[in-house]
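Single-structure report; data block below.
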Amino acid sequence: MTDSPIRVTVWNEFIHEQNQAAVAAIYPDGIHQTLARGLRDLLGSAAVIQTATLQEPEHGLSAERLERTDVLLWWGHAAHDRVGDQVVDRVQQAVLAGMGLLVLHSGHGSKIFRRLLGTGCMLRWREAGERERLWIVDPGHPIVDGFHEEYLELPQTEMYGEFFDIPPPEEVIFISWFAGGEVFRSGCTFRRGKGKLFYFRPGHETFPIYHDAQVQRVLANAVMWAAPCGASYRPAARQVVDPPERLTER
Amino acid sequence: MTDSPIRVTVWNEFIHEQNQAAVAAIYPDGIHQTLARGLRDLLGSAAVIQTATLQEPEHGLSAERLERTDVLLWWGHAAHDRVGDQVVDRVQQAVLAGMGLLVLHSGHGSKIFRRLLGTGCMLRWREAGERERLWIVDPGHPIVDGFHEEYLELPQTEMYGEFFDIPPPEEVIFISWFAGGEVFRSGCTFRRGKGKLFYFRPGHETFPIYHDAQVQRVLANAVMWAAPCGASYRPAARQVVDPPERLTER
Amino acid sequence: MTDSPIRVTVWNEFIHEQNQAAVAAIYPDGIHQTLARGLRDLLGSAAVIQTATLQEPEHGLSAERLERTDVLLWWGHAAHDRVGDQVVDRVQQAVLAGMGLLVLHSGHGSKIFRRLLGTGCMLRWREAGERERLWIVDPGHPIVDGFHEEYLELPQTEMYGEFFDIPPPEEVIFISWFAGGEVFRSGCTFRRGKGKLFYFRPGHETFPIYHDAQVQRVLANAVMWAAPCGASYRPAARQVVDPPERLTER
Amino acid sequence: MTDSPIRVTVWNEFIHEQNQAAVAAIYPDGIHQTLARGLRDLLGSAAVIQTATLQEPEHGLSAERLERTDVLLWWGHAAHDRVGDQVVDRVQQAVLAGMGLLVLHSGHGSKIFRRLLGTGCMLRWREAGERERLWIVDPGHPIVDGFHEEYLELPQTEMYGEFFDIPPPEEVIFISWFAGGEVFRSGCTFRRGKGKLFYFRPGHETFPIYHDAQVQRVLANAVMWAAPCGASYRPAARQVVDPPERLTER
């Protein structure tokens, strides 16, 4: 219920765009910049969008930066192992303290996602450029605010199929249908400490998924949903509590 | 993400206040008016607050009124059975279509709450004016936005104790401790269709619970949380779907 | 942890089998008898299987019968409205007291299912004899005990598609993929009072679904899972509790 | 649905019993042996109970031992940091593959619990020997099978209070009331991969909690509940899927 803009950081490992011409053609200045532009267009003055990449010092995720981030988006694929454990620790602590986290597509295999969920987070996949329909199964959720159809359709995507080895999500918002015969829980929320997580499946680097207006709208809605709120007291570290009077008197 | 004010209706059976001097002393113009004032003070131009009571035609809940209600608050106790089934049907349909519903205290026994949950919704209780602490167990939830302490404390309350015969809530935000030895899931959310429900325990008619600033803050937060959002398409009635081309071709 | 056999009642409205030759060809003595035989074969001495139909006095579901039923299976389609409200009340109370309930296919529209869930329970559907794959998304659940493949496949089925207007299930065990482009939460569990519910989608009357060994295995597993257990005390009706000594002393 | 006995391993760090006379007086041969005897008495031929401790090679949790363990109980307090990361990795993988895990009392701070949940798992606490009541809030759950009272009472316990920094549990079975004014979610289940987790709060080393018949009954029930079941196929590692024929044909 505050009016100050939500401070968003879009993180990208930023490798495919520099190594593969096909990806560079779609995302010439990086997936992070396309994502950032989409959010700026939709959220306007409600949010301030910055970016960070693997190649920056501390991957662009210094303690200072995280302190000034309300919602972090995470895109990674080829270099999950090159993300330093210290940065992963720091992001985990920021989430537990209330920072929102949106994990995108192949980010399912990232250290931070696996750290927060406690499972392997693996799945089945296939690159066949097949059609995907993301059915809305929680039509009252703020993340699908403003959608006028029962599903989003993407004409060509990489397939992700079940079993997706995640804990039972708190909420499942999208279930994908793939032409090749699979299904997938494509939009899932989780709570960790005071922080909100949203995993969103679409986003392969060789299809122009993040230029899609529907995908951008989902992510803009998710930023608003994931922004910190709740009690402002500091939840406990392991904390000794003084006995109340009545107990002391015994 | 709209700027038009949330349209709130506070419903009260409005019986104790007219029959019992002790209740009238606390709520001279009815529990609904005290609730309405509290919401107006806290929400200002973000919401427009109206009231309705059992005694009005259609209990003040005509089809027209419900169409212009985003969030309905419900207080009832002595006259659950006098609420007409047609009105209950109408409120249920409104919730499924997206209207938020806040059920207060003894409203746990109302027709509409039992209708939406499918269980008996019964509990243990005792009137001994005992102390209650509502511990926050979901500190990142918007309904506890702005709270600075780990718990709310009410010096004198009616006790409600487990087992509370509700389905497993989607979210449990408060768990109450009572001096006499009981616990209670005092703040619970449920989803039904596109509508959001919040049950909040405090509110007995002979303690001045709704004059408490913390209780008012919880309810104001809950109004914001329960306001309709999500997909704007109309979720299915039982609906025949035409075969897609590929299937027709067989 | 008891060794006495589970007492199962298979309920069927038993109309299509008597009115339509195509259905009678598949289920000559009724869907209920096919279901009962499948459960007897798989569960052996672990269960005693009886049947009941709409046409019997009290639809075969007298108070006495329900008292001797641990798990009830429900198949209905054409005559939901002909099920008496008194019987629905009775079944609801039995579930809240601990009886398991398996609701099959078009039973999604039954009075008892809608009563227990509180929503409309509607969905999209199409009869095009299309292929269905039920993907297992909760591989550690007892209801899929013994399955060796990642999915069950049914070559020709009626399609059911999302949005399925049910509350968020406690557990989702199967998600269906349909050749025509839809998905569906096909195996869902719910808790109501002390009773366990399982909704299982497959089962249209003109495809021989209940002769399928995999479908029979799911239902046999579900019977074992849904059998009553838990605390043997009687959960509260609205119950006044005497003040404990300490409170009385004030 | 198999008749072979459940293979249980009770793990204990086994330090307090060797260092503190007060603890040795209650658990002369270790908490693990008391737990093992309780399970043997209650489960009889349904289970085979072994023990393991921190001091054994690989803490008694070799790959071979874990392969022959269906359910693992975990008690630790003073030496969480001395548990080797390789063993933690191995236990995590075993859980994801289906092994049940019961985490007891101060085990909330163990590496394995925090690894599987992704949060800090911290809480408030106080040693004042105060009274605890564990209210049953899920009376139909197999873990409370056979209980005849609405709550378990322990006359003297260490207090654990909210906020307990865990993800929202799949199921909450017990909520504790403490004389000093706190509440706690004392019996919680989680699913990770194919494995089932149960956290159970009681169990401080200087109160004879594990000699209590009710506590033993909860743990015996939990062993039965947590034993592996479900689909016998091997859920995916990240797995490339061959295109189906129809897609290949394009």
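Going in written order, the chains are labelled A, B, C and D, and every chain counts its residues from 1.
What we mean here is this: contacts are C-beta pairs under 8 Å (C-beta built on N, C-alpha and C of every residue); 3 or more make two chains touch, one makes a residue touch a chain.
From a predicted model like this one, the values you see are computed outputs, not experimental measurements.
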Between A-B and B-C, flag the pair that has more C-beta pairs in contact.
B-C
Taking each chain's centre as the mean of its CA atoms, which one is most distant from subunit B?
D
How big is the rotation, 0 to 180°, that puts the C-alpha atoms of subunit C on those of subunit D, in steps of 5?
180
Indicate whether more than half of the residue numbers at the subunit A-subunit D interface occur in both copies; give same if so and different if not.
same
Subunit B to subunit C, mean C-alpha position gap in Å, rounds to 31
Which residues belonging to subunit A are in contact with no fewer than two other chains?
136, 138-139, 150, 161, 163, 168, 170, 181-182, 191, 193, 235-236
Show which residues of subunit C lie in contact with subunit A when the two form their complex.
133, 135-139, 150, 161-164, 168, 171-172, 175-178, 181-183, 185
Going by the contact rule set out above, which residues of subunit B touch subunit A in the complex?
1, 98, 136, 138-142, 144-150, 170, 191, 193-196, 221, 224, 228-233, 235-236
In the complex of these two chains, what residues of subunit D are touching subunit A?
92, 96, 109, 115-120, 122-126, 128, 130, 159, 161, 163, 165, 167-168, 170, 179-182, 190-193, 235-244, 246-248
